[in-house]
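Following are the structures in question.
Common to both upcoming complexes is chain A, partnered first by chain B, then by chain C.
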Partner chain A sequence: MFRYRMLRILALVLSVFFVLGDPAKAGTADWVVQIMTKVVEPCLNYPNSKLSPLIRSSIYFEQNVLDPSDVDRELQKRGAEPDAAIPETLYEHLYYSHSRALGLRRYKQLVLKPGTTGTIRITTSSSSNQEEISAAVNATIRIYLDLYLNKMPLRSIVVPKDSFDLFIQGMQKHGFRNFTAVPGQFSPSLATLSIRSEPAGRQQYMNYGF
Partner chain B sequence: MLNANSWKRVRQTAIKVSAVLLLSAFPLMPSAEAANDTVLVCTQAGGDVASAKKSLTDAGCTILSEVPCVTGGFSILQVRPNNGDVNGAIAKFNGQVDPNILSTEATFQSRLIGFFNWPPRPSCVPNDPEYPDQWALSAMNWNDARCTLKLLGIGQRGPARVTLIDSGNNLITEGEEMTNIRQYNFAGGATGTAETPFDSGVHGTAVSSIMAARTHNSTFISGASSHNLPVKVTCCRISNDGASIDTMDVLRAMTWCVDNQNLRGGPGVINVSINNPTLPTFNGSAVIQEIAKAARKRGDLIVNGSGNSGLVDPTPEQYLRRVQAYDENNQVAAFSNTGPFKAGAPGTNISVVTGTPAAIMNASGTSLSGPYWAAGIAFLQSFVPWTNAVRLDNILYQTCDTTPQGYKIPNYNRAVVYTLLFGWW
Partner chain C sequence: MVVVLVIVIVVGVLGIGIVVSMMMMSQKRTQSQVENLSLEMANAINKDDWVGQMNNMTEFSRELVFSSRSALDEAIAHHQRMKPIALQLLDEARQSARLIEDERKELTVLIMKDLQKSANQIAETSASGNELKLPGVTAGAMKVKTVDAGYIDGVLTNLTSAEGLPDLREFDSQEKYITPKSFVYLPNINAKLPAPDDDLKFDFCSLPASAKNTISPARLTSNSVFRKLMTAGPEAGNDFTKCKFLPSAVQMISTTKVSTGGEQLNAPMSVSITAASPGATLKLP
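Then we have the complex of A and B:
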């Protein structure tokens, strides 16, 4: 009985080391896709230009890694490649005029790790410029589909608080509908997005076509 | 004093500890070394094999085996130099000792590609079409757990088994998404009559799909308990219309689960995504705690969604595992009951499969966070089927990540590695 107890105690001690040796915290986002919109001032702004103002959405991605846990270290010792942090990288430029996409210039592949989750963050140079918000909305939907295709689940879309209502209106123009998440209520789902403001205070769920 | 039973347990434990140490001692990546100090000798096409063999024997080698190629007119000989000098033998035999010998090389290792020779980033993302909408799985490192298992070449030893007490459970045959279901009726005073699985509403199937939807079958969603095998579900139906529930039916179903472990496939997790909208909650009920206590004694664990009323439930943690709901930012959802407990799981914007015909739906609530916790236990149990749910719940809790608010969210990856190392007994 004594030897049996000793073995159990040994196993427990090992277990305690194993568990307590890992201080990793749950990250709220593994990756971030940043969409920054801006009016390109000196471009296509000749008299009677139908393409002015020209809006550029610059899309960047980055992926953070948490401190490796004991499990990660153990696997790495045995040859597994560690997750690498991806610094902020320019993915593509999207050009818009009067809410219509004019062109795309892509610089990199979207090399975020499939199966990891993250957020899309919107930054606009002007919170009241309707055209900029429309460009941001259009870019968001395109990026959402890109992420979906690459199997990268999206936690939420983070929008500046003073642009929040305009952003929601823009999403509605693309066929997304507001819905209220009532606990215990089931609603048909297609592309359900969680949109929240920064600073915090506003949140809206939207899904497509219902 | 040690009796025969104690000795048996000591021996079993010693074997298990040795097995763990033995497993840990082996590097999981193979080194590219020559196998067992032998060389491979290939004879000339049409050459005299017997003469080659004699030359090799005369030169101080032992011929271990021969693979003749009739069509090519040559033979491959596995040879061991008696002095153990593989490199010397290779240099000596390459065309110098006998003209009947074409080539000599060190015997190399051959293993199935993809088992130990792991690729740097295996594709472990399931092909279920709605997986990219299941943010909750990634938030709990479920996909990383699948990657780890793939790296280690480990699959589920047996199907994960879950029991749920709910409105029923539809069979979803498309892609065999959920077909392994046994259902018992407790609604309206019934005493656990076996019946064909069906859902009297949508809640039960939705809750079940979170745990038991088949993963990687190109259909609907991924189930958190399914890695490479389908999940076995035992459903206790406690509603006839999918909405109204008699508490006595719930209690009868819970008691039946404790008394009929064999019918449920052995000790396991029992998910109850039902609660009282006001205080006292299920956790505050002495009756339910008594049932949960009896369940724990037999190795079963009752997992209960904490409730959707946004209440602070002051009752202490006892025998029930209460699970609160988190939102997309790992914050406690506004609707979730809280209290002096830390366990939680994602519970907002959750994709489920339910309805007739089966379709993807979206929902929020602790009804959905509870099954993510229960699914974690069932997932772990599928790798160590002989271990009980209470112990695995403890492992899941101990290996949790901490949310920004200081609560616990499961980390499937860490939990599964811990279980493989320490969950044996």
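Then we have the complex of A and C:
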């Protein structure tokens, strides 16, 4: 039991290291939460409806389906049992209209292993507009809170490059602040977010509650 | 004398026969008309599945408030730093619940006004309708007496409780909001959340769910299972904001006057037809 706890602490310490580490290595994660946003039409489109157009964020999670990371290999060398893989699972649908979260349908409980780290990956439709990005931001914050409360450190948020600036602006509207990581002075916390673009090229650290 | 008496009796019997058959023909004609009109109106209630979608969105809004409240409670208990953002997300969820309740009322009024408009049009058209005349007997045109909006007794909602929120499912079971085995929400209830969110309204209406990928079509049904919510028409002046739930069925009562030799029968023939709206589609897209 003590040995297992030590291994978990080691994993957390190493994962915090990876938050500031080589961005290329941030591509691997214990778990991935995928947020896919799209406009749902036609739906609730009666005359003068305030609930249309409706935007849906579909949220999926998966764990241990990628090749083991350096941390995992190190832990396994030290005797840790690899966790069972969780295939891509629909977690919930969040519904939005006019940049406001309207509803939630949760299909499964979040069964990711506490203490493990991961990545949120955002996907929007090719013709994504501001409302869609706004929905993606809100869904990210709601999931981030879920993960935080369940003690699942978030390594990074991956956002499509062409939506990167709008995404950062959206996060700022919810009280997140840009943060410049100074080597040697950085005090990592669970509330530190690393947001990077896909394809690579943009990265921003953000904090909440400072 | 006897011959005259026989002739009088035969003529009398024939006369009664004509009147009875006239009444039956008239009733059949009226019934057929009313059936078609009732089906048209029932179909219009949920033709684009707005009722089903609103029922879904009401429940989804409820789940958002419940999960946001759970997150706030957890943040207060163990992660104070996250309390402001949890509070912000709960506020948003509660505001959305109020918005959806307002929109549900708007949709109810919209549907009721549409029913009233249809009832008025039918009343105008039927007033100038053709009479059916035979020597000595006249069946008047069909007149719409009332069009009531309501639901079908025994039909549940198109909603099931969320598998991913077991605490909410347990609460719903305790409050008897859902059926024990299939977890389907009961109709025409305000599914209040636990305090302090019990000030929010989550009204679910009766609507057949789809079964095995088949959507229940609009259909005629027995008058005895119809439960009235509110009269839609044809009279004006109804305050449709007082209609408590979204309707999912319609009952139309019409009358036809049959007169013999200019003398009107005491009681006009009445036809009452109930039609249920189409059910919900599979689920919200």
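Note that the second predicted complex is superposed on the first by the 154 of 210 C-alpha atoms of A that agree within 3 Å, B and C clash if a C-alpha of one lies under 4 Å from a C-alpha of the other, contacts with A are read in each partner's own complex, and residues count from 1 in each chain.
Methods note: a contact is a pair of C-beta atoms (placed from the backbone, for glycine too) under 8 Å apart; a residue touches a chain by one contact, two chains touch by 3 or more.
The shown structure was predicted, so the numbers you read here are calculated from the model rather than taken from an experiment.
Asker: Quick check for you: in the superposed arrangement, does A:117 touch first (chain B), second (chain C), both or neither?
Answerer: First partner only.
Asker: Which chain, chain B or chain C, is in touch with more residues of chain A?
Answerer: Here the partner covering more residues of chain A is B.
Asker: Quick check for you: in the superposed arrangement, does A:85 touch first (chain B), second (chain C), both or neither?
Answerer: neither
Asker: After superposition on the shared chain, which partner residues are touched by A:107: those of chain B (first), chain C (second), both, or neither?
Answerer: Touch partner of A:107: chain C, not chain B.
Asker: Is A:148 contacted by the first partner chain B, the second partner chain C, both or neither?
Answerer: both
Asker: Return first, second, both or neither, reflecting whether A:30 touches chain B, chain C, both chains, or no partner chain.
Answerer: So A:30 only meets chain B here.
Asker: Of the residues on chain A, which ones does chain B touch that chain C also touches?
Answerer: 148-149, 191
Asker: Which residues, counting only chain B, touch chain A once they are in their complex?
Answerer: Residues in contact with chain A: 1-2, 6, 9-10, 13-14, 17, 27-29, 118, 120-121, 123-125, 131-135, 137-139, 143-144, 146-148, 151, 202-203, 206, 308, 327-330, 335, 348-349, 351-352, 354-355, 359-367, 398-399, 401-404, 409, 411, 413-414, 417-418, 421-422, 425.
Asker: Would you tell me which residues of chain C are touching chain A in their complex?
Answerer: On the chain C side, the touching residues are 48, 50, 53-54, 56-57, 59-61, 63-64, 67, 71, 74-75, 78-79, 81-82, 84-86, 88-89, 92-93, 95-96, 99-100, 102-103, 106-107, 110, 162-166, 284-285.
Asker: Can you check the complex and tell me which residues of chain A touch chain B?
Answerer: Residues in contact with chain B: 1, 3-4, 7-8, 10-11, 14-15, 18-19, 22, 24-26, 28, 30, 69, 71, 74-75, 78-81, 113-117, 147-149, 151-156, 181-192, 194, 196, 205, 207.
Asker: Touching residues of chain A toward chain C in the complex: what are they?
Answerer: Where chain A meets chain C, its residues are 40, 42-51, 56, 91-95, 100-109, 138, 141-142, 145-146, 148-149, 174-175, 191, 208-209.
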